[in-house]
Amino acid sequence: MSRFAEPQDPAFRALDSSLAYDRRLWPYDVAQSRAHAGMLAAQGIIGADDRDALHAALEKVELELAEDRFPFADDDVDIHMAIERRVTEIAGPAGAKLHTARSRNDQVATDVALFVRDEARSAHDRIRGLQAALVERAEEHLDWHLPGYTHLQRGQPVYLAHHLLAYFWMLERDCARFSFACDAADALPLGAGALAGVNFATDRRMVADALGFTRIAPNSLDAVSNRDFVLDFLGAAATALTHLSRLGGELVLWSTAEFGFVVLPDAWTSGSSLMPQKKNPDAAELMRAKAPRVVGSLMSLYGVMHGLPLTYNKDMQEDKEPLFDAVDTLELCLAAATGMVAGARFDRDRMAAAASDELIAATDLADLLVRNGMPFREAHGVVGGLVRDAVEGGQPLREVATARLGQDAAAVLEQASWLESKVSEGGTSSERVREQLEAARALL
Amino acid sequence: MSRFAEPQDPAFRALDSSLAYDRRLWPYDVAQSRAHAGMLAAQGIIGADDRDALHAALEKVELELAEDRFPFADDDVDIHMAIERRVTEIAGPAGAKLHTARSRNDQVATDVALFVRDEARSAHDRIRGLQAALVERAEEHLDWHLPGYTHLQRGQPVYLAHHLLAYFWMLERDCARFSFACDAADALPLGAGALAGVNFATDRRMVADALGFTRIAPNSLDAVSNRDFVLDFLGAAATALTHLSRLGGELVLWSTAEFGFVVLPDAWTSGSSLMPQKKNPDAAELMRAKAPRVVGSLMSLYGVMHGLPLTYNKDMQEDKEPLFDAVDTLELCLAAATGMVAGARFDRDRMAAAASDELIAATDLADLLVRNGMPFREAHGVVGGLVRDAVEGGQPLREVATARLGQDAAAVLEQASWLESKVSEGGTSSERVREQLEAARALL
Amino acid sequence: MSRFAEPQDPAFRALDSSLAYDRRLWPYDVAQSRAHAGMLAAQGIIGADDRDALHAALEKVELELAEDRFPFADDDVDIHMAIERRVTEIAGPAGAKLHTARSRNDQVATDVALFVRDEARSAHDRIRGLQAALVERAEEHLDWHLPGYTHLQRGQPVYLAHHLLAYFWMLERDCARFSFACDAADALPLGAGALAGVNFATDRRMVADALGFTRIAPNSLDAVSNRDFVLDFLGAAATALTHLSRLGGELVLWSTAEFGFVVLPDAWTSGSSLMPQKKNPDAAELMRAKAPRVVGSLMSLYGVMHGLPLTYNKDMQEDKEPLFDAVDTLELCLAAATGMVAGARFDRDRMAAAASDELIAATDLADLLVRNGMPFREAHGVVGGLVRDAVEGGQPLREVATARLGQDAAAVLEQASWLESKVSEGGTSSERVREQLEAARALL
Amino acid sequence: MSRFAEPQDPAFRALDSSLAYDRRLWPYDVAQSRAHAGMLAAQGIIGADDRDALHAALEKVELELAEDRFPFADDDVDIHMAIERRVTEIAGPAGAKLHTARSRNDQVATDVALFVRDEARSAHDRIRGLQAALVERAEEHLDWHLPGYTHLQRGQPVYLAHHLLAYFWMLERDCARFSFACDAADALPLGAGALAGVNFATDRRMVADALGFTRIAPNSLDAVSNRDFVLDFLGAAATALTHLSRLGGELVLWSTAEFGFVVLPDAWTSGSSLMPQKKNPDAAELMRAKAPRVVGSLMSLYGVMHGLPLTYNKDMQEDKEPLFDAVDTLELCLAAATGMVAGARFDRDRMAAAASDELIAATDLADLLVRNGMPFREAHGVVGGLVRDAVEGGQPLREVATARLGQDAAAVLEQASWLESKVSEGGTSSERVREQLEAARALL
């Protein structure tokens, strides 16, 4: 570019260049250039021969990139300029026509939108895989029981199937969020030019059709300064990873000696460099640890966009590394979650033992009094007193309760009834869990 | 609660109590209690007389709260317990039945979901108001031109209407985001009980209908540990405020002496305590400054949820203050944006002068060469050289260009053509802007 | 201020006013006004009579504020203008001289610096209190053992004193961080005026001395646009709360039925609205949950300051709410930590039982082989094999090990030796823990 | 490790392995292994011949790594295991002794502490370089004036030297922050073993001396679970980059056509792919954009550490990428800042023209009235009225002021006096700026 008299400082090049990471956008850059050239020719802006030369060169470039033998040059500052340079080397003067009626501003936005669209779909598919694993394991453990916890204190017993399906529904919402991000990326930026539109009678609908966009970005200024779809993707990923962090945290907890509810597969654990006995839930820990990473990335892009004047500012180059990292992180964590869910060996006895703690049925005792006519708040107080007496007196609750409330209390304290009495829709009784499983299967 | 032998530490009460902020949930808590009592009676879990007594007490409580004369007690730890206590004072034993088949876990989740649903709708409506103001001002400034900027350098001229509408489309996406949050909050948690469902044959659909929920949370464990809808609302607010921060930043910039594109209404500015001449764009600055506040809140809730085991954990009480603050912040900022957009006085001459800088038409010159058959990349280089010569030689670009490229160049450098030549869809030519305005109006 | 023709919009006032929160700065505002007036008179900028009138009025105002009967006016936009207005009501024309050679810009910065300095000192003192509680409990539990965990898997046994002291050292670093923040706030901004210095020969050293500042901000532009000391305080608070979140997380974990290492005092726990048996570690959970809140606040202030041009921008008003909230949050959490550490009842038997798991001594077995001449990495492999055989064969490690390695192995698997063999400095052997306790006590 | 029966899943390896990024720790890993081996021999834990073999192997490994010909193996999971493996290949059985009395837990913490210490020092030095450039440019522009801004409105004129030095003092505080981080990293973790100390009579002081640590981490549990020093480094980097973002933002602003205060060197700018006339301040924009990146990293590490139980958890592996990225980002941005500060060409005329706006002297006019006996607040109102009349009447302030206030006003409105009258310490008068420059030079 001959506007400049002096060369760039090497440190500036190091700061400015995005090639190290944006090269992964190449499939999208090639696709959009192909569509753009096709449209330029269809509109008579370039000749059919130019288009053919461009398409041939793009095909060659595509192959070079796919086979990892693309000849990058020292002064390729990003993948877009590298491809245009290479196309021009191959196609000659026709190559120099590729950037007609296009700016890097709308070009980059288009590549990133295509990338987000594809990755949102992939994330959706991978989540579906994890959901399927959860459904499968839920079916295998329909009648296993374990304590449900609030405040990490044993609250009421639930079936393991019910617990596993809780994650199914979190992930179902994640699917909706990735669909939203996919839709947000579904408006073609290309054709906005640098910011004001272009001096040629282009046909943006044609390009949109070729690239599979449903809509066209309606305002050129907004088109080149919009990164909402990246924020939407990062937000979806942050929430999904936060869900996975909860699953990871539970696997860590359940695989402690103290809980002992699960044995993780060797394939997803590792040892200690010093302590020969250790079998550590590294994958579960990392799955837990990755959420803040992507939350940090989301926050960083909000920070970058904050207060920026229209339209494109170079700051926005900082959208890519957070996005790429979130894509990779999510993929790894979904694989880990799916692998661990599929391979986990649950310990029926340990779970059952923990769930047989009588105190866990205190609510049922209160509800018994309710059925017998006592207002709930009063019943809650009565049973609270029984619990206190039992704990302080070192007596089983059953004894204290039966002494005071009679044989009905004993019946309520039969374990068999604790889960099956939770008959409300969405509750843990077998019938309700089966309903839920069907609903889940219907969504897959 | 008689399970405890010792009283709570006052410092614990200070940490634990949420009444100072969750009292604003009272309308939702009253509404859900009303619906819950109605359902309990319909299902025969309480008597019709109990229901009537509860409904009468709730009506009284509602009035006390609405008129700010509700008698809070020292040991009301949150609005839910305060209302139940007061209902019981009024209704006697019937009051003590209100919490039958309900836990604070599903109760709180339900209040918050109702709140999010309402506030997402309000945000949507307020955004529509700002969009309407933008459309109105765009119509008033259809043929005013100003520079469009990239990198805050003058790029190409655009119509002010086009620039204002860029914000319209950002906000349109915000509407979609709030609709998503509204939908995310549209599944009834109530009926999940503490975590496992309840011991009574409740009718959750009936409660959902009464409260206007479309769906029922399908898994009781998930229902009480889900705060996704709060994250969704915070994410929508963070993005909307980031958009407003860009508008605020531009208003600050445009009202500098150096730009001078806009004079903000006195009603939205203030003076200096020391410097008598100052007229400061405080509202625009604050509008810019608020985005990080809500991004911080979003991040804090991600942090809170990170790694939490199922189901409810007290940590989740930290969802409310960020949410309430985001609601209030967004409302203030949308009012400020609407007020400033409506009242801003643009300076046609300053904008036009800035947009008449010849260099701004360099792309058009290159495109002229393209039309004459020169490949774009080559034309870009030729014009880059002309610009450099003009800048270094202190000559107008027009002279340098005409000398080298002939009279066609002079015609291209006529200002009149710069905007109207941007004929591509979404571009700044008058026809395209009018199309855009129509599309915008159609959405309002 | 007569520069403006139109009144401010009520919505602008709502956005702009900081009085609702900055009123807590009043003691600092009064103090600095007193010092400022004293200096103005000493330099002959105002008369001694003016100073006396100002000092008298300030004393009155101070009393009104302290006794919560200060008459706020509807258009008091912040505490600074409110105090100046009131001083002028009381002192007449002398009051109107108070703002001579001062701007709100340097005034606010000075108030906030004084606040940070004081609160950093208070935080330091409160942390010392928690450290003292830890030392006391450590002394009480010198020879109790429990498993030390890595990856939440039992690693090697440690003394409870050793574990408690780990928190002592984290907190010791927090003290250093608050000292840093205190020092960062120890440069007087006042005297910088709006931004350029003032038109009077003021004596900033005199004001600094009166207010207890060690240094004077050396550059007026920087003085009014610097909020580093707030970032430093927030950073210190975020790290301290992250430490407390770890303590909170452990208390939650240890008070589960599954671990059972600790019983929290009733005074710091609460019950369930539904489940009568529950005793929930709410305070520990909230202590855990508060770290992200303050991290979010830290991040929001970074976001606010990001990219701001010099000098003061209204955005910076957003420094106060995060700061105040961090101060209050930290105070509550330190009280909770201190209360729970002091009141926790540890369960010697549960801890000892968990720590008696033979596998925990696998490293010691490997080290035995090392002492007998086997390279460590090889020994690690040998013992790993023994562990696998024991686990898979359902045999005690002792049996497998003795069979293969002889009676020396049996001796190593005597529990008594496991802790006392950790003789390295900082290790868990009794002597080393006693050394540590002495060092800790020396710091208090 | 023979504890495991099944191999690891390739997806687990991909998630688990840190070699791709932690290999940059190799110099520290080699250094600590050398020191560790030396100490083991000195304490008689290994033989002198083993030590010599280890030292020889480590030297060879060091060379291989320095020359980028180290033979990594497929199952090297991190740099630590890779080096130990390679040392063992070279040294045979002696190599297998290297990990005696050491765990990866204390090993990693030590490497990272060494890294932080070195990089904190480097950051300090690089900041000093930027400060030197600022001092140099300040000296060159001692008597150039430009407007000082508040709210981005012209406030009062200042010397460019004064403005440049404002950044000097921000950076001075950054130096203090990096010194703090350096000190925080100055306690040796090695010797803590996995968590409890080691079974050998090691000499940690000897290792500390060899590696240049001043202190020894006093508690083994804390030593392996502490990442405060990384947080401290990230916090220092986040604040420094926030300062640089303000400088970057000002360079972007000042290089607009509208401000025109600075021309950035060609070496730190770039062109547009479409618009031939553009010269974009990319480096300044990126310098602005990088702060949120590192703030995001800081936040992510807070998120990772949040609520983690003692001691080491795999989550903590997530400390490294944020740290390394912050180091590299800071280095690039400091280079950019130094290059741009050194090469910027300021435009004396544009600055002077902007600073000659009469309104900028309104405060001086008010202070004139103060000197003549009018209370400041009243004088502020009088001058506010004059400004309004001048602005509304389209008259120069000088005329309005002289008509009402007499010739004294005319003298005050002489530009010459505006800057030199700011005589207060730290103000912009020449004498005060020279004082400041001396103080700055004394610090370099």
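The chains carry the letters A, B, C and D, assigned in the order they are written, with residues numbered from 1 in each.
Just so we're on the same page, a contact is a pair of C-beta atoms (placed from the backbone, for glycine too) under 8 Å apart; a residue touches a chain by one contact, two chains touch by 3 or more.
Everything numeric here is computed off the predicted structure, so don't read it as measured data.
Touching chain C and chain D together: A, B. Two chain pairs, B-C and B-D, are compared here, and B-C has more C-beta pairs in contact (counted per touch definition above). Interface repeat of A-D: among A-C, C-D or B-C, the matching pair is B-C, sharing over half of the residue-numbered contact pairs. If you average the Cα atoms of chain B and of chain D, the two centres end up 33 Å apart. Averaged C-alpha coordinates put the centre of chain A at 23 Å from the centre of chain B. Across the assembly, chain B contributes residues 1, 3-5, 99, 105, 150-152, 155-156, 193-194, 253, 271-282, 285, 288, 291-292, 295, 298-299, 302-303, 306-307, 313-314, 363, 380-381, 384, 387 that each touch 2 or more other chains. Taken together, the chain D residues at the contact with chain B in this complex read 147, 150-156, 252-253, 255-259, 271-282, 285, 299, 302-303, 306-307, 354, 357, 359-360, 362-363, 365-366, 380-381, 383-384, 386-387, 397. In the complex of the two chains, the chain B residues touching chain A come out as 1-5, 84, 88, 93-101, 105, 148-152, 155-158, 162-163, 165-170, 173, 176-177, 180, 184, 191-202, 204-205, 216-226, 228, 231-232, 235, 238-239, 242, 245-246, 248-250, 253, 288, 291-292, 295, 298-299, 302-303, 305-314, 363-364, 367, 370, 375-378, 380-381, 384-385, 387-388, 392, 419, 421-429, 432, 436, 439. Considering their complex, residues 1, 3-9, 11-12, 14-16, 77, 80-81, 99, 102-105, 107, 193-194, 265-283, 285-293, 295-304, 306, 313-318, 321-322, 332-333, 335-336, 339 of chain B touch chain C.
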